[in-house]
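Before anything else, here is the set of structures, which you'll find just below.
Here subunit A shows up in two complexes: once beside subunit B, once beside subunit C.
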Partner chain A sequence: MKGLSAYLIALAALAGLVVLAFAVGRYPISLSEFVGLLLSKMGASHRDLAPNVETVILQVRGPRVLAALLVGASLAAAGTAYQGMFRNPLVSPDILGVSSGAALGAVLAIFLSLGAFLVQMLAFAGGLTAVGLVYWVGSRLRGHDPLLALVLTGVVIGSLLGSMIALLKYLADPYNQLPAITFWLLGSLASIAPRDLAIAAPLALAGLAPMLLLRWRMNLLALPDDEARALGVDTARLRTIVVTAATLMTAAAVAVSGIIGWVGLLIPHAARLLVGPGFGRLLPLAMLLGAAFLLAVDTLCRTLATIEVPPGVLTALIGTPFFLWLFALSRRSW
Partner chain B sequence: MRPPVFLFFTVLIHGISFAQLPIVDATGREIRPPSKVERVYAAGPPASMLVFAIAPDRLVGWTRAFRPDEGQFVPPRYAALPELGRLTGRGNTANVEVVLRAKTDLIVDVGSTGATLASLATQVQEQTRIPYALFDGRIESTPATLRALGRLMGDDASAETLAIWYEKELNEARERISRVPAAARPRVYYGRGPAGLQTGGRGSINVEVLEFLGAQNVAAEAHAGLVTVPIEQILLWDPEVVLTTDPDFWRLAWTDARWRAVTAVERKRVFLSPHLPFGWFDFPPGANRLLGIWWAGRLLYPAAFDIDLRAKVSEFHRLFYHQAPTAAQLDAMLGEPGVLPR
Partner chain C sequence: MTLEVRKLSFGFPGRTIGSGITFTLARGEVLCVLGPNGGGKTTLFRTILGLLGKHSGHIAFEGKGIEHLSREQIARQAGYVPQGHSAYFAFSLHEFVLMGRTARLRAFSSPGRIDRDIAQQALESLGIAHLGDKPVTQISGGERQLALVARALAQEPQLLVMDEPTASLDFGNQVRVLEKIAALASGGLSILFSSHDPDQAFLSAQRVLLLGEGHAQEIGAPKDVIRSDTLERLYGVSIRIIETENGERACLPSLRRSGGH
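Right, the complex of A and B next:
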């Protein structure tokens, strides 16, 4: 069965990548040290371990690997849901303004010289607020196709938020705040600490869980409203749930990682190529692939050079040719 | 009749030639200042600071208004000068008409002297017909820049006094640094940003103080600009001293488990640069960084830098900001957590 083999391959790739991601990094840790740490954590006799081994594995790589998995899965799931719901292959998770809203929140916090925690909180709140605003305005534009109204409102408000970010960059102190804003907007998993994960993971899972539970019904969202209603499904309500869930996980992801493009656009296409457009099978695979893709990219980001490579740059470098290749490959309608 | 006419022309020619005596700025552009410079617009904070130090009454305004906690360090009438925005190529906020309306005779900028900024200066000069001079902002160039600005503004004497004093301070610092053998120079990491992961490599303007001090910048091999480095790389470098300008990072370094293994944290040698009214260590990249040299020198080489930091700060403030700080202000500046070892 085609779907099953795709799942097995994706799972195996993901497992391999996780092991690899723990094994490599700027700080050299040998396999025996790694195994020694695992054994000591499992209650085996305490062998002499360099104190940095535990710090690097548990405090640095561990949270970063988990964050890459979480952010990758969230962006891919949100992208899959939106591409299905909007019946549009060019849609990515930020179509309703979640990234622009989060970016404005973070930039405002940096501009006001607030601390790192408040930067994350304002980013998360900004993402939710932006989508709330888009949804509210979009649902009040009567006499249009509701999905079209939503997309247009998202684009328009997204660009408004973009101009507000531009204004804050312009007013920011060029020596300190402006570089901080630039670094945030580039996106990075470099500063992930266990605490960040403790906040972001529950929020992202709170979005992922309902989406996974509802995935079999989400195919109906691709139908026109009246047809779905004829089948006894309240599409407006289902849509609200999907948008809320997608926003929750994307906002949580962006709050800790900054903006990382391409994952939410590219991965759903790759998954669809493997298992077809049916949501029930598509969504879990997209999540696996998204997690694996971002983990691979982030592992490259932190190992390629002495300095960090911005993940958005790598996702675009890998994503552009891959996307074009996929597009050339797939003849059937997505 | 003839002698007076002759005299008249002599004076006229002399006057003209004096007014048009060109001065070459750091980009090689010839600047012809008016015979009497009254009002100077400084295009960025490092330039404001030097113009203010040489002739505070000629400064037409600041690029950014003082915040409440900053304004107390300069005499009130100067703290109240208007905010005019900056014009230095990295995100201009000044409106050329505002610069004109301020009846500016001369525009000066101090900092990078690359081709982009030189062409910006030429363009603004052609547009406004106000001479626009650029000077080098490096710490080592500060005495020369002070002298050039003084000549341009017709304030040679006060500029010379400042230049001689600044040179003396730099020489004293150099002499003290030379007493420190290479082996006694600690490995230093300069961390910026809320997580402390941004740093500057060799040649980066952000670590000029560190390079002046001849300290070992662990990130020297990184890119010569501001970059993010992985925390694993910092663990591998294992700096003995960490300096920062970010209070959030300074607090984080003590509580975050990832930093606990760094020698600087173990030895309680993570220090936070003072920032009022202008930062000491990194930004703005101006003459203010002399205080960064004394501060970081004392932290890195305590034996060679057995200086009276309070006196150094007072003297710099008195000469460059025209107001010596009060004892309470000094206490606040140096007593902020992280500024000095306890």
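Right, the complex of A and C next:
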């Protein structure tokens, strides 16, 4: 099978990173402690471990590692779907305004001093609403290329949402609210609780299911619209499904992590260079790479310095040169 | 009857491009549409394929009105070979042709071995099987044109709609495409194609439709329809029809000399 080695390497890298992510940090955990806990949780061993070890693995690092995997895989999957659908490898999952909408929702919740749970809920709802609005307006601009209409509407509405965020920041209490807003907008996986995952994971899976089921038809969205339709695809309906699925995944991710750029742009591109544009092969590899990439970034974020580095800063630092390198490498075709 | 078009009026929303188009296409029949640039050939084809809504009139595949057919049902009836193709992603030629199988698959399935075999046969029948693993972004314009035909054949249609299939091809490849059209038609496929070259109608079509100024100016057998007067009216230049001793016909334009000695 084409690209089998790419899958195996990505899987091995991911497994290694997971073990490493559990091990390193302010409270180092040895491999034997990690394996010992896993075995005792499965009832296979009754070795006594320091209670700290269990707390660090299950309460602190476990949720954070899982969140990095979930958010990384979701952003990569949504980016893969959008790059195919928009026939453009420079597209990222927030092109239709899901991040700006989520940001406005979260900022509004912080501004209204609502709790952490409501911040997430409003972020999720904001992301969905923004894309719904863009899609509704964009599909009413008839007589244009439907994709172009969507992208332009996304840009315009995204900038409107940006100005509303700016207004809320201006009005926010500069001592309590403004720092919280800034931290949210920078993105972070530091304060993930198991409950966040329990909500985000099913939503992301609900978005993933249609992409997996329609993996063959997704390829035809990369053709000119007329050709895909002449081959029997109802492109308008398929696009609606893809936008809904990708938005669900991205909004679920952004609601727990805040805005972390570059993953959804860079990872699908890298995966495409490894296994080609066929969606059925591309999607699983992009998700593996996305999960591994964000886990690596987040592990660096919490171990590089005594303070946490925002992951969005690190993804940009890694992403910019890497992307330029990929761009130079791939010449003219994707 | 593979395709029936009656009193068709077509165009874009709010702008009619052509009207009064009536013709039928039987099994194994080849119809060539001739007309000047902007005469509405592509728009007519897109309307027949249901890619563009008709303004009025009737289009039917195997007796069934197009308004009762889903995209998938149309794709099982008619294969479309568009004019050129811009490739965005580096799908291999084999994957590209395999996309022709989509209308034959259930919504959530991917192509299986039978589909792969059919795609392979389509590639072989056009003589491009050796390019199967090559990315569509890296093949020549002529090869891509053949790939589009192969993809349409993989649909296993009753009708092939080809929009200027020989445009951008060198002379040898033009002849090869015409030979392919003849072979496919003798295998029972109905073919609707457009061209800028009236000679192609003499060579490969049983009937010709002259489409100019938005309406069908004439339809019939090539030797009846393609005349000096009709071509002059269609293209606005003077053209002689010459005939060989075997009864084969060809068009020869007479160039107007301006000034000079």
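Everything that follows uses one rule, which is that the second predicted complex is superposed on the first by the 328 of 334 C-alpha atoms of A that agree within 3 Å, B and C clash if a C-alpha of one lies under 4 Å from a C-alpha of the other, contacts with A are read in each partner's own complex, and residues count from 1 in each chain.
The criterion applied here is as follows: a contact is a pair of C-beta atoms (placed from the backbone, for glycine too) under 8 Å apart; a residue touches a chain by one contact, two chains touch by 3 or more.
Keep in mind the model is a prediction, meaning the values are calculated, not measured.
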{"item": "First, second, both or neither for A:Ala180, with subunit B first and subunit C second", "value": "first"}
{"item": "First (subunit B), second (subunit C), both or neither touched by A:Arg87", "value": "second"}
{"item": "Which superposed partner A:Leu171 touches (first subunit B, second subunit C, both, neither)", "value": "first"}
{"item": "Touched partner set for A:Trp136, first subunit B, second subunit C, both or neither", "value": "neither"}
{"item": "Touched partner set for A:Ala230, first subunit B, second subunit C, both or neither", "value": "second"}
{"item": "Partner chain in contact with A:Pro277 - subunit B first, subunit C second, else both or neither", "value": "second"}
{"item": "Which superposed partner A:Leu214 touches (first subunit B, second subunit C, both, neither)", "value": "second"}
{"item": "On subunit A, the residue positions that both subunit B and subunit C contact, one per complex", "value": "none"}
{"item": "Contacting residues of subunit A [partner subunit B, same complex]", "value": "25-28, 51-52, 55-56, 59-61, 115-116, 119, 169-176, 178-180, 183, 188, 190-191, 193-194, 302, 306-308, 310"}
{"item": "In the complex, subunit A residues that touch subunit C", "value": "84, 87-88, 142-143, 213-217, 219-220, 222-224, 226-227, 229-234, 272, 276-278, 280, 332-334"}
{"item": "Residue numbers on subunit B that touch subunit A, as the complex places them", "value": "45, 64, 86, 88, 90-91, 93, 192-195, 197-198, 219, 221-223, 226-233, 235-236, 245, 248, 252, 256-258, 260-261, 282-285"}
{"item": "Residue ranges of subunit C touching subunit A (in the complex, touch as defined)", "value": "13, 46, 49, 51, 70-72, 74-76, 78-80, 82, 85-92, 95, 99-100, 102-103, 105, 107-111, 135, 137-138, 151, 155"}
